[in-house]
Amino acid sequence: MKKVLLTLFPLVTVLLMVQGYHQAIYVAPDDAMQGYVFRIIYYHVPSASVAFLFFFISLIGSVGFLAFRRSSPNRAQIADAWALAGAEVGVVFCTVVLTTGPLWGRRAWGIWWTWDARLTTTLVLWLIYVSYLLLRRFAAGPQMQTLAAVLGIFGALDVPIVYMSNRWWRTQHPAPVFGGDQDSGMKDPTMVHALLWNMLAWFCWGLLVLFLRYQVERRHQEYAAIEAQEALEASA
Amino acid sequence: MSSTLWTHLAKDLRIEWRSKDAINSMLFFALLVVVLFSISFDPRGAFAQQIAGGVLCVATMFASVSALNQAWAREIRHQVMDAQRMAPTSGAELFLAKVLANFLFVSIVQIALAPVFLVMYNLRVAGQAGLLALVLPLGTWALVANGTFFAALAIRSRNRELLLPLILFPIFLPALLGMVQATTSILTGDSDPWLWIKMLTGYDIIFTTVSLLLFDVVFHAE
Amino acid sequence: MDERNILDHQFVVAAYTVTWVIQLGYLAFLGVKWRSEKRNAERKSRPAR
């Protein structure tokens, strides 16, 4: 049963991607105001949603690790694997958001970038989780996971603060706003459908990659545990 | 203040008073940053008023990092950290004492730097100057509290000195924004700084609380 | 008017291409990681002492 699912899911994901692409490029009409370039939204918005969801998953993993550290070490390791996978895949999707966004903005609103609440928060989120990944790479030893989990919590805590402070900044010093209410521009049901197809496709893709990353990390944890055990026995 | 807190604080202050390592390097670094910015941006007239807040904050950030980097280094040497861990006191008091000590050092640097700033940038305070005495400590506290905490996080990593600013600055960004906006609005008298003062206060309370709660986790993570 | 459309089209192509380069690049990176973990596991299960 599991094998069937494992081979079926990637296949379904690829099919959804093809359907999403078809919807985005051939079925959905040009936007009334932005024209052809509006189609970037079908990749940009789903990527943003997946990124935020995965950063949230990473936060849950970090909290779970700290909670289960002493009481249930195996569960803690699982939590830590989710924390890392969520962060890393989240950064990948967030990178997509930060590259497709300016490409869209340049053609649609004439500017590559602006320091409004949404963009600034996305950028800071990217910075925080890249720094999280750097900590995991540079910190040594068994306590690395604990330290990373703590940083993960701090980072997640910061995000709403960044968003609100930037909103206040922009009420005092108004600047161009990217996108405005892009959802309100979607009155055409064909466009909504195209977006939903791509949402589904990218969520499936994201889950697939997240799961793969999780599995790689679990394998790595087992290997590291065996290595530590051997080192312990060798020194005994 | 509990006696343990005072003991830790007195120790850090005494060590610093004897060597004056941190303060000297911070002062010089901050001064360098101010001069560098002046040469890069040529502050004149109204423009100087606009950027002075930002330059002061960035100078404080860079100067603080140089001090924070060796905030815990002293404790690592000669296994002082292990002794601290075995003591029956909570890690939170050690943490708070370090933050207070570093806060004092950075504030001294800021006060020393203020006349230099006023001179080099020809600053006139258009708004309520007294509020600066509220804004600067709030922003500095945010920097030092988070910085001391993250310095403890980075202590066992290979590139300790490099890692600290990398993990500190993204999280510090909203406090930087608040500090710069509040300072600029006080200097130029353009807008109301109270929104930012409230935001900074909220930021300080949230992150100091979380740091105190999680410090023991980090401290005993060996 | 026409150059505007061409540029729009190019930007859409660029955005979609960048997305797939990033996603597939990461997938390739994961593949390399998977292979190295598999090799580690084999090395551990058959200690060549």
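By written order: A, B and C. Residues from 1 in each chain.
Everything below uses one rule, namely that contacts are C-beta pairs under 8 Å (C-beta built on N, C-alpha and C of every residue); 3 or more make two chains touch, one makes a residue touch a chain.
The shown structure was predicted, so the numbers you read here are calculated from the model rather than taken from an experiment.
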**Message:** By the touch criterion stated at the start, how many steps lie between subunit A and subunit C on the shortest route?
**Reply:** 1
**Asked** Which chain, with its centre taken as the mean C-alpha position, is closest to the global C-alpha centre?
**Response** A
**Item:** Whole-Å gap separating subunit A and subunit C, where each centre is the average of the chain's CA atoms
**Value:** 15
**Message:** Centroid of subunit A to centroid of subunit B, CA atoms only: how many Å?
**Reply:** 31
**Message:** Averaging over Cα atoms per chain, report the distance between subunit B and subunit C in Å.
**Reply:** 40
**Request:** Within their complex, state which residues of subunit B touch subunit A.
**Result:** 146, 149-150, 153-154, 156-159, 163, 166-167, 169-171, 173-174, 177-178, 181, 191, 195-196, 199, 202-203, 206-207, 210, 214, 217-218, 221-222
**In the complex, subunit C residues that touch subunit A** = 4-5, 7-9, 11-12, 14-16, 18-19, 22-23, 26-27, 30, 33-34, 37-38, 40-41, 44
**Prompt:** In their complex, what parts of subunit A are in touch with subunit C?
**Reply:** 21, 35-37, 39-40, 43-44, 47, 89, 92, 95-96, 99-100, 103-104, 106-107, 205, 209, 212-213, 215-216, 219-220, 222-223, 226-227
**Message:** Help me check something: in the complex, which residues belonging to subunit A touch subunit B?
**Reply:** 66, 124, 127-128, 131-132, 134-135, 138-141, 143-144, 146-147, 150-151, 153-155, 157-158, 161-162, 164-166, 168-169, 172
